[in-house]
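For reference, the structure is listed below as structure tokens.
Naming follows writing order (A, B, C and D), and every chain is counted from residue 1.
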Amino acid sequence: MLRRIAVFFVAVMLALPICAFVEEFAEAAIAPGYENVLRFATNDEPNTNDPQKTTEYYAVNFQVFDRLVEAVTTGQGQSDLVPGLAESWEISPDGLTYTFHLRKGVKFHNGAEFKAKDVKYTFERMLLPETEAKNQDFIDPIKGAAEMMDGSAKELSGLEIVDDYTIKVTLKEPFGPFLASLATPGVAILNKESTEEAGTDFGLVPEKTIGTGAYIFDKWVLHDEFKVRRNDNYWRGAPELDGISWKVVMDADTMRMMFEAGEIDVFDTDLVPSQISYFTKSEKYADKLVVGNRMGTYYFTFNHDIKPFGDVRVRKAFQMAVDRKGMLDALFDGRGELVHGILPPGLYGYNKALPEIPYDPAKAKALLAEAGYPDGFEMTLTQIADNPSTLARGELFQAMMAEIGVKVTIDQMDEAAWYAVRADGKLPAYSGVWSADFNDPDNFLYTFFAPGNTVRRSFNFKNDALSNRVAAARAIVDPASRVKEYQDLERAIIQDEAAWIPLFTTQHIFVVGDRVEGFKVSWNGWSDGWHYYEGLRIKK
Amino acid sequence: MLQIRNLKTHFFTRGGVAAAVDDVSIRIPPRSIVGVVGESGCGKSVTALSVLQLVSRPGKIVSGSILLDGEELIGKPSKQMRRIRGNKISMIFQEPMTSLNPVYTVGRQVAETMILHRGASKAEAMDRTVEMFRAVGIPAPEKRLKSFPHQLSGGLRQRVMIAMAMACKPSLMIADEPTTALDVTIEAQILHLMKELERDMGTSIMMITHNMGVVAELCDYVYVMYAGKVMEHAGIFDLFDHTKHPYTQGLLNSIPKPSGVRGRLFNIEGMVPSLLRLPKGCRFSPRCEQAVRECFESEPGLYAVSPGHGVRCFLYRDCGDGGEAI
Amino acid sequence: MARYILRRFLISIPVLVGVALILFLLLNVVPGDPVTLMMGEHIKPALIEAFRARMHLDDPVLVRFGRYMLGALRGDFGVSYKLQREVSGLIWQAFPHTVKLTIYSAFVSWIIGIPAGIFSAVKHNTLIDRSLMGFSLMGVSLPIFWAGLLMQYVFASRLGWLPVTGYYSIKYYIMPSVVLGWSSAGTVARLTRSNLLEIMKNDFIRTARAKGLSEPSVVACHALKNAMLPVITVMALQVAGLLGGAVMTESVFGIPGIGRIAVDAITHRDMPLLQGTILFTTAIVIAGNLAADIMYAFLDPRIRVEQANS
Amino acid sequence: MNGAEFDLDQELAQRDDATAAGRLKGMLRNNKVAAFSVLVIALIIAASFAAPLYSPYDPNKPSLSERFAPPSRTHWLGCDDLGRDQLVRLIYGARISIVIGLLPTSLSMLLGAALGMISGYVGGKTDFWIMRLADVVLAFPSLLLAMVVSYTLGGGIVSIFIALSAVSWAGTARVIRAQTMSLKEKEFVLAARSIGVRGGVIIFRHILPNCVPSLIVLFTLNIPGAIMNESSLSFLGVGASPPSTSWGLMIYRYKTYLLSYPWLAIAPGMAILIFVLAFNFLGDGVRDALDPYMKD
């Protein structure tokens, strides 16, 4: 008897696939319900769609939530700050007090009306330690923020509800880019009641992730797809699309095949930079490229604590030994522009007049000799493993450094270790790219060269005077003198001190399928953007 | 009934051609038990397998003729040959444990033969199997049908093998050392059974063994083989009473005598020669105590010392040729 | 029989605990702090402290291991660092996809491996033998992700016959199953062949021939059943190999199964998730071995009867 | 004298090919596929280690003007994304693939043989614990374990060595243990023990030599697995330190160009296929020739 059961079991196991095959084969190729849905792909699963708890995954946040102020794309690499959930605002002359007049009649997806208490809740939730939020940087200039973050206060003293539709925000000290930072996706406005009720499910469970945005968070199948659907009651007017979906495709090369097979509508070449030349050179795709300028700068760093990088002559030699044009051509098909400082072209405060850093290996060698290294030396360049495009950059660097006698070893570390070592200020050298969160030089200079940050980013920049000036520049109110101060700092840090090797900024190229019309790249060239604008639609 | 004439079965190996069976002629009359004796490697098993055409590569029947009731078996199409195997000629083997398929019940394995050759239905075949089991003396045959080989003792397993071999009432059963792996008492029972079956069913038996005791007990007629050739053949009484060939004498001396005089069990010096490096002259010459010069130079023929008694030895050259047992 | 199964089952428990312990130690002596990775770069030190406290990351390793095992007994494998959900839920969500892929692939590997093994054993040392074995071994010798990409390129991208990725219906599984199944067909073919060759040397095969059975019947009725017994064991053992291969296959073909989340967990240093997936996979492998033993016992009369008698 | 049936094959086998070496020679004579595989393997190894003697290009020096040059007379397999000659890189990359095939396999064989012999010879608690450890290792899906180990140790070739050794010793240990246990009961070992020869000596003098054929078989059969695992580990981007490369890393890196410059990804894949297939054929041949003990 038992034997029969075993035999039966084997037979069932054999029959199962056949049955499944017959049953499932006759099935439609394109999923129904996606006829009017814009289909993206991403190679990384978001950890959450709670805007306060992520620093990298904003694809859904942009669509589902609104901000008090919005940064809208007005052209390639240009943006304007426009009213969002705040209809208008006044700034006191000392730059310390902001009074926001909130829009009336805006409804959250659950039907609740948007009011001042929601703004207060949003800000306080961000600052409370138990939230474990990650985007506190954007609102920590508010008075009382520090007390909330260290747990000594439960309420934000710098935020005052005047009435249901008016709030008054007081800063600790003036902070020029405050409005711009309110436009970042991390500071999206949440609904007090539904967010409290959702608890830890907020950002994870679609129906509990409530915003005021143009789209409603619809579904999230892990490692497969997440999707938003149209909000018919959107206060700006319902969008034209039925929804937007993101397919999670781990392997970026597979993603490209999916694009060519028509399984996705938009292909983001940032995920596979190796494909840029294929698409830009192909006639088939010539009219399907949507190009945006990236508000970002590629760079190489070196750790000033490690010999011989404490010597400015060595750093200058390195700046001159890198063939940046060659690198841009080889890796990005020449689509970009060299950068000679910190800020990318198009960013607020960009200095066109910055002198060019020449490619001059002979002079670099001479400088090295002058610094006492006529025969070069050995150094280590680190990177996160499993990143072929960074590796290609590193290998070119390796070859270029070999020209001036410097032997470079590339050390591929896993992500966790790399970040941990960097935060300790111990990475010897690495390369990266920084793209603007908001349109202001502060977002660049403060991130890399403020005291503390130069350690956390493994620069260990030794010129304290300059570092302190970077921090102090935040409080300058007058726009003209702010820009001047940042430009001076940029020149001093990069051209005089040679604190890093600026490389270039690149275009961000999307390839857009036949169905899509009017696709735009967001102003800062991010992969994630706010897909609510005139003209974006799917051809019928 | 079965006549093997000048059979040559050779093995084509990397080291050369080995004549495992070299010009062997054997006759098995109806209703008789014929013994084929010799040391291992003398070619007796290959002879048996040749009869069933079951010699596998690199072995090959080179020439000769095997007649079953006047019908030539060599060169028969394999389909027709299969109708003979298990049907007209059946075979049992030395090791009853490994000769039965461990994953099927013994009943099924016996019935299979009848289903195959007699076209019996499964139920009929099973009934017949019970009968056969009873006939070969298996106790509680109905119960034993469902046993697996490993559940039976060696003696019972050999009885099953015999039942399988006799299932289709073949005219010839080849028994290849059927009792070697068994205890002495069981051996006696099995030999007794075979003798009975020969008498009751009229099946001839070709008994392959190295044991002269078995031969004495069972056989009517005996062929003695050495290194691929028949050395002596005679009726059972002639062979024991008028032993001629020195090799046969050696074999007979190896039987423990009841007198209690214990010599060496086998008193032929030396080893069976490799078939790839046969000595020149008589194959037995290097081990023969009576060998003369001639024995090392040329091969003796088969000489007839009396009717039905042939010897391959120069000692008996005077008796004249024609020692073939035909 | 029941006692036999129970004994086998009990032996597998310490193995599982051993796996868990080794894994735990391995993942916890790692340089680099996953917290930095999980919490992002602008994080305030106080938050890191809070997170570490919540996750009990500062306790001694063995205490944490004990806590983990106690939780695991209740089916609680902790919360994924990255995805912020219950690990057990994530695994259950992924498991069916992996099961499907594994079954389909096993099926493919048998379809290729068993006939190839049988024919090459029957035609031992001939051209047929060599080419069939060559074909099966080719699967073993292809890097899975490379073969997967080539197939995607040819059948999806160029010919358009099959979808590039996905898991929504059987046709999405065709390419991944073929790639994965082929990769283990060689093992099945090898085993079938060598077993059959071994069995064909047995005395009972000679008996069967002496009975007058034709060569195909000898192979099919008498040899195959004996030869297939070990192969069945391998089928269950294959589960381990296929689960390993599923890591690659699922990543290439976008199947959100266990292998895929394991790779995700490795690259994101998501220790609870990694630990959960590997522990789970190992449990499946052990269960597979157990099933193999039991199945073997059912199918082989020798073992079956011995067990019944003891 | 016994009644064994005539078995010429066996007789010949014992006479001509009594030693393992003799049987291997016999295999090379009879099994053309295996012989050809040996030739292929030898050629690949020789070509890669002699590469500096004849290579016309530096495998690591980028040449930006020749990026993605298609196969031509000067660059037989074209150039890669940094303009380096693909064939030269393939030949140099073979070294690392070969070393990864051989070294961890040898390490794991040593470890497995040592543990297996100790386990089988000493028995008792030692045996129990070693075998449970082997169970544990065998229960892991090996690729995942290797990934975890190499990720734990950080990238780099040494961690791959350790990872691959750590996952493959257990199978060897099991086979050798079983053999040791049966050898332990053999007369010559019993005799040695009865005159008080120390355990270590017995293991080295009597047991190890008898395990050699199995070790050779296991060795040839394990190499392809190691090479395949290396290529899979490369999927995580860990492995040889740039700019040097291995076949697995080359596939990993160039798979992205499969659609635009297919030769870049196809060549290293073919190289792995050929090399591993050769080892598989050789392994089968060796096992057919030597395997007195192993069934699978």
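What we mean here is this: contacts are C-beta pairs under 8 Å (C-beta built on N, C-alpha and C of every residue); 3 or more make two chains touch, one makes a residue touch a chain.
Bear in mind that the values here come from a model prediction, so they are computed numbers and not experimental data.
Undergrad: Which chain has the mean of its C-alpha atoms lying nearest to the mean of all protein C-alpha atoms shown?
TA: Answer by centroid distance: C.
Undergrad: Looking at A-D and A-C, which one has the bigger number of contacting C-beta pairs?
TA: Of A-D and A-C, more C-beta pairs in contact link A-C.
Undergrad: Measure off the straight-line distance from the CA centroid of chain A to the CA centroid of chain B, and report it in whole Å.
TA: Taking the average C-alpha coordinate of chain A and of chain B, the gap between them is 90 Å.
Undergrad: Indicate the whole-number Å distance between the mean C-alpha point of chain B and the mean C-alpha point of chain D.
TA: Result: the chain centres lie 50 Å from each other.
Undergrad: With chain centres taken as the means of their Cα atoms, state the distance from chain A to chain D in Å.
TA: 45
Undergrad: If you average the CA atoms of chain A and of chain C, how many Å lie between those two points?
TA: The computed centroid separation for chain A versus chain C comes out at 38 Å.
Undergrad: Can you list the residues of chain A that touch 2 or more other chains?
TA: 253, 257, 260, 386, 413-414, 417
Undergrad: Quick check: what residues of chain C touch more than one other chain, meaning two or more?
TA: 30-31, 149, 153, 157, 251, 263, 267
Undergrad: Across the complex, what residues on chain C touch chain A?
TA: 1, 30-34, 36-44, 46-47, 50-51, 82-85, 90, 93-94, 103-104, 106-107, 110, 149, 152-153, 156-157, 160, 163-171, 232, 251-254, 256, 260-261, 263-264, 267-269, 295, 298-299, 304
Undergrad: Considering the complex alone, what residue numbers of chain A touch chain C?
TA: 2-3, 5-7, 9-10, 13-14, 16-17, 20-21, 23-25, 27, 29, 31, 45, 47-48, 54-56, 129-130, 132, 134-137, 149-151, 200, 204, 221-224, 247-251, 253-254, 257-258, 260-261, 263, 386, 413-421, 423, 456
Undergrad: Which residues of chain C touch chain D in their complex?
TA: So the residues of chain C touching chain D come out as 14-16, 18-19, 22-23, 26-27, 29-31, 125, 130, 133-134, 137-138, 140-147, 149-150, 153, 157, 186, 190-191, 194-195, 198, 230, 234, 240-241, 243-245, 247-248, 251, 259, 262-263, 266-267, 274, 278, 281-282, 285-286, 289.
Undergrad: Where on chain A does chain D make contact in their complex?
TA: Spelled out, the residues of chain A in touch with chain D are 252-253, 256-257, 260, 272, 274-275, 277-278, 326, 329-330, 385-388, 391-392, 394-396, 398-399, 409-414, 417.
Undergrad: What part of chain D is in contact with chain C in the complex they form?
TA: 30-31, 33, 132-133, 135-136, 138-145, 147-149, 151-152, 154, 224, 228, 231-232, 235-236, 248, 251, 255, 258-259, 262, 265-266, 269, 272-273, 276-277, 280-281, 284, 287, 295-296
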